[in-house]
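You will see chain A twice below: alongside chain B first, and alongside chain C after that.
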Partner chain A sequence: MQGHPAANIPLSEGQPGGCSVRRLLALFSWALVLVLAWAALSLPSHSPGLVDFVHAELEHSGVVNPVTAVLLNFRSYDTLLEVGVLLLAVFGVWALPRERVWGAPLGAPVAGPVLHTFVRLLAPLMIVVGGYLLWIGAYAPGGAFQGGAVLAAMGVLVWLSDLAPLPRFSRWDMRMALLLGFATFLAVAGGVMVGGGRLLEYPRLWAGSVILLIETALTVSIACILILLFLGGVGEKRRATEGVREREAKQ
Partner chain B sequence: MNAWIVWPVVVPLAAATLSVLAGQRMARVIIGSATVAIVGALAGLTLQVWQNGPQRHVIGGWEPPLGIQLYADGLSVVMLWMSTVVGALIGVYALGYFAHDSGTTGTAATGEHGDNSELFWPLWLFLWAALHALFLSADIFNLYVTLELLGLAGVALVNLAGGQLALVAGMRYLLASLLGSLAYFLGVAFLYATCGVLDVRMLSTRVSAHPAVWLAIAVMTLGLLLKTALFPLHFWLPPAHANAPAPVSALLSALVVKASFYLLLRLWFQVFSVVLPPVAGQVLGILGVLAILWGSVLALRQQRLKLLVAYSTVAQIGYLFVLFPLAGGTAWGAAAWSGGTFHALAHACAKAAMFMAAGTMMAALGHDHLHELAGMGQRLPLSMFAFALAGVSLMGLPPSGGFVAKWLLLDAALASGQWWWGAVLIVGGLLAAGYVFLVLRQAFAPLPADVRYRPVPRVMELAALSLALLAFLLGLMAIPPLTLLQIGAPFVGGLGTEALP
Partner chain C sequence: MNAAVLYTLMGVGLFSIGLHGFLAQPHLLRKVLALNIMGSGVFAVLMATAWRGPQLPPDPVPHALVLTGIVVAVSATAFALALLRRIHTATGRASLPEDTAA
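And now, the complex of A and B:
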């Protein structure tokens, strides 16, 4: 941290450096642990929760995997808002102050022949695995989040081994990719209401296809979101703004 | 199409998505149409609640306990109107604020967020959607998701100010906000393990005096108190609210802290009311009193205008919690319930107006040091007038919204024989007068000749003034919101309005 500008930021006016404060905090933490343990032990040993309800309606959900049924159908509203949380995380990173506060920007990737060749072999395989995880989500553990994570890892590896340049999220198509999942989900959520249905009420016969559509779009966006979080906001945000200005200048 | 209830959430989310894709130029069109759509949907929903009582919407057609249900009663509708009206006017103000801002070459105080303003619109729309989702949700896990959405949007907005002060304040806000959400989430886990459901209504019939339920109540309350910044958990609020860009300060102080207060109100009076002993409400009330005194005294000692306004928020949050010890009885519960929630409404208008006026002065001067504000009354008469009108509501003078809120609370305090809560309300009003006059005294001092001053967009002044007028006149139009508040309220009986003078 030596010489790093971030190290100079005062974290608080009155540091709780005093020994007595720390002892008090330690005491409080231990008391909390004991109370939590006591409450956890007092819980009923068997609590079915909503498992029975999920299994009762599983055949109408459009998928066989109960986890996917809950995430993308029974409680799809939660998932919709959670994708919003992920987008906000990216915007939050973009909103952070720039290099001046955080120190040097991310260095250029170092390419070696071994890494280079290995990633060339690995990348196509990871795309297949990502797609497989997305598809299998309907039947077994998997889905958009897992598939997106594998694709994001591939993107980061490709960039680190200098096979492809940094994705530019100032570009129109990259922004579309970032928002595709959320936009599709939201469009489906509201779209099904046109025929008089309720929010996120998929047509029963098409539920499986609708879920696959949403998950495919989500996979792309989640991969983008994770790559952006890895890269951090350094430099990216300025370019994003410039991109829009360029576009406006052209129009 | 009679499902008005979903659009206050769906519309801002859609607008947020569009505003990222479209550039700055389209932002006005998107925000304008979104605001109109939200107001229309809300009018429809209000009519439904007014005529037919509380509304429900089963999302995806999956009935609880399996699925999630949206629920709107009088309280939700009043909160939605608060967030829509105050949020829309803050949006109008922000149009002027960021236009003014990008025109500067960058002074230390205001110029650093020039190229960040583009992010303001999606973040603000997400924050709006999160507030509406929170006010409409009837599922304790879904409420957790809305809390996270709200907290993250708030933190990102604070950081738009750029610079180290905002970064440190934003980081502290993030940690406090996350700790609060996680504490709430821990409570959700314990409740689900004991009761087996997440739906608020079903939960209210299943909670019992079980150790895990007690713990859940404790951690959820603590988490929400931290997010509401009730004394002594207010430490994160003044730096975050004072160092954010002015429209963001207004959003956070007026609306965001009210969201966790609203949730606490719901949980305490509609879920946990069976198991909570009366003494618990007394504890919250005492913390509220301490907040009023501590926040007001610190506001009196500030050297910077925005910090003064931020500490005033710490004090005003205290009044909200005077509701808890008073709402215990049936005879006066309705008055306390109405008074506390009406205070949230009045404070939202007044505090947003104050932060907006303060932001205008800061944009004109380039700083907000109190002792250098001399002559602002001549330079920015509209902003100063807005600040003074909002101050009248904070002091609780008639005919402001603050007056009605305090009157109702005072009435409940006297009716329940707990006159000491009423005494605190009056002392708090006097202290508020103290710190408001601290600003006004400077403003009407003679104008120094050598002060550099930059013109500010008129729209900023007018937006602040509209909200201040609303806060000032809210007392004259108190009956409709107070009647609405009774729809679905936990207190049957008196309207709470007959206590009004």
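And now, the complex of A and C:
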């Protein structure tokens, strides 16, 4: 197969260890199943957990959906760090040397008229769905991550069908878009301390608006981060077929 | 035997299958996949602990933890895949030297 070596990594490479090692591993795994199953089944079947605390405080959280209340109010520390992890993954991918040509299969010019028309119809719809998921997160399952994932999928679809080039992520405004979610979250987390509150302790009256502000910023950042992570080390390839064209020109 | 027990046992099974694959398979892509299967097992157990019977709404705290966990797993997988491609480009192999020598 022509193209980039990484495009075709044989899965059979490397042989699993010797027969006795494999037998030992299988034995260990079965023992693990039994021990874990025993531990899991010996847990009390009806523990109250933190449900009562969540429902008691739900009216002060600014949202109606208890999962969103936990994610962005009661345990927003988790979510703040989670966005940090997303950014760290992007930094990690960026820190690796860029590969100049990204060949088949993802960069192959597969886009026909059917895919073009379909993605044209789908893209605006996905923007609406992403926005809806962001908004509905306050009342029902949904939120910044779900909305951001739909928007990122739209970006990837548009890029793969070769409909439009992606924005250059090395541009400063695109970098700001990457940082927007984390920066907004951090600013709010610290900002509430000015008024005498504790870290991430939103004022009760404004909690709903604060959560919506954070989630909107997060949606934009998450969509950009997921697109970047999908692209991996592609660097400045703006069109899906760019790598293929370059390769063809070389031959 | 209710749904929660079934999901818990399924999660335990997935975790063990994933750990076995992670230890037994030398290919790095298989290791990354195995780690994801382990993660799915952990998420299944967490979701099962959130179940409180057919009438009551589930515990939102484990649900939120799983949502956070999924996002972290996705980003870690993306970084692992980028590292894998880099290792393959640099060495021509998709496994670690310790595994290849064995």
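Everything that follows uses one rule, which is that the second predicted complex is superposed on the first by the 206 of 251 C-alpha atoms of A that agree within 3 Å, B and C clash if a C-alpha of one lies under 4 Å from a C-alpha of the other, contacts with A are read in each partner's own complex, and residues count from 1 in each chain.
By definition in this document, a residue touches a chain if its C-beta (ideal position, glycine included) is under 8 Å from a C-beta of that chain, and two chains touch if they have at least 3 such contacts.
Being a predicted model, the structure only gives us computed values, none of them experimental.
Peer 1: Per the contact definition in the header, classify A:Leu36: touching chain B only (first), chain C only (second), both, or neither.
Peer 2: both
Peer 1: Once chain A of both complexes is superposed, is A:Glu201 in touch with chain B (first), chain C (second), both, or neither?
Peer 2: first
Peer 1: Scan A:Phe145 for contacts with chain B and chain C and give back first, second, both or neither.
Peer 2: Only chain C is touched by A:Phe145; chain B is not.
Peer 1: According to the stated criteria, A:Val114 is in contact with first (chain B), second (chain C), both, or neither; which is it?
Peer 2: Neither partner.
Peer 1: Taking the superposition on A as described, I'd like to know which of chain B and chain C A:Val54 touches: first, second, both or neither.
Peer 2: After superposing on A, A:Val54 lies in contact with both chain B and chain C.
Peer 1: Where does A:Gly232 make contact in the superposed view: on chain B (first), on chain C (second), on both, or on neither?
Peer 2: second
Peer 1: Is A:Cys19 contacted by the first partner chain B, the second partner chain C, both or neither?
Peer 2: After superposition on chain A, A:Cys19 lies in contact with neither partner.
Peer 1: With both complexes overlaid on chain A, does A:Ala189 touch chain B (first), chain C (second), both or neither?
Peer 2: First partner only.
Peer 1: Which holds for A:Glu82: it touches chain B only (first), chain C only (second), both, or neither?
Peer 2: In the superposed model, A:Glu82 contacts both chain B and chain C.
Peer 1: Could you tell me which stretches of chain A are touched by chain B in one complex and by chain C in the other?
Peer 2: Residues 9-12, 36, 40, 43, 49-50, 54, 75, 78, 82, 85, 88-89, 92, 96-97 of chain A touch both chain B and chain C.
Peer 1: Show me the residue ranges of chain B that touch chain A in the complex, using the header's touch definition.
Peer 2: It comes out as residues 1, 3, 6, 10, 13-14, 17, 20-21, 23-25, 57-62, 65-68, 70, 112, 115-116, 118-119, 122-123, 126, 129, 133, 141-142, 145-146, 148-149, 152-153, 155-157, 159-160, 162-164, 166-168, 172, 190, 192-194, 196-198, 210-212, 214-215.
Peer 1: Which residues of chain C touch chain A in their complex?
Peer 2: Interface residues on the chain C side: 4-5, 8-9, 11-13, 15-17, 19-20, 23-27, 29-30, 45, 49-50, 52-53, 56-57, 59-65, 67-68, 71-72, 74-76, 78-79, 81-86, 88-89, 92-95, 99-100, 102.
Peer 1: Where on chain A is chain B touching in the complex?
Peer 2: 9-12, 35-36, 38-40, 42-44, 47-50, 53-54, 57, 73-78, 81-82, 84-85, 87-89, 91-92, 94-97, 101, 172, 175-176, 178-179, 182-183, 186, 189-190, 193, 196-202, 237-238, 240-241, 244-245, 247-248
Peer 1: Given the complex with chain C, which residues does chain A contribute to the contact?
Peer 2: 5-6, 9-18, 21-22, 25-26, 28-30, 32-33, 36-37, 40-41, 43, 45-46, 49-51, 54, 66-67, 69-71, 75, 78-79, 82, 85-86, 88-90, 92-93, 96-97, 99, 145, 225-226, 229-230, 232-233
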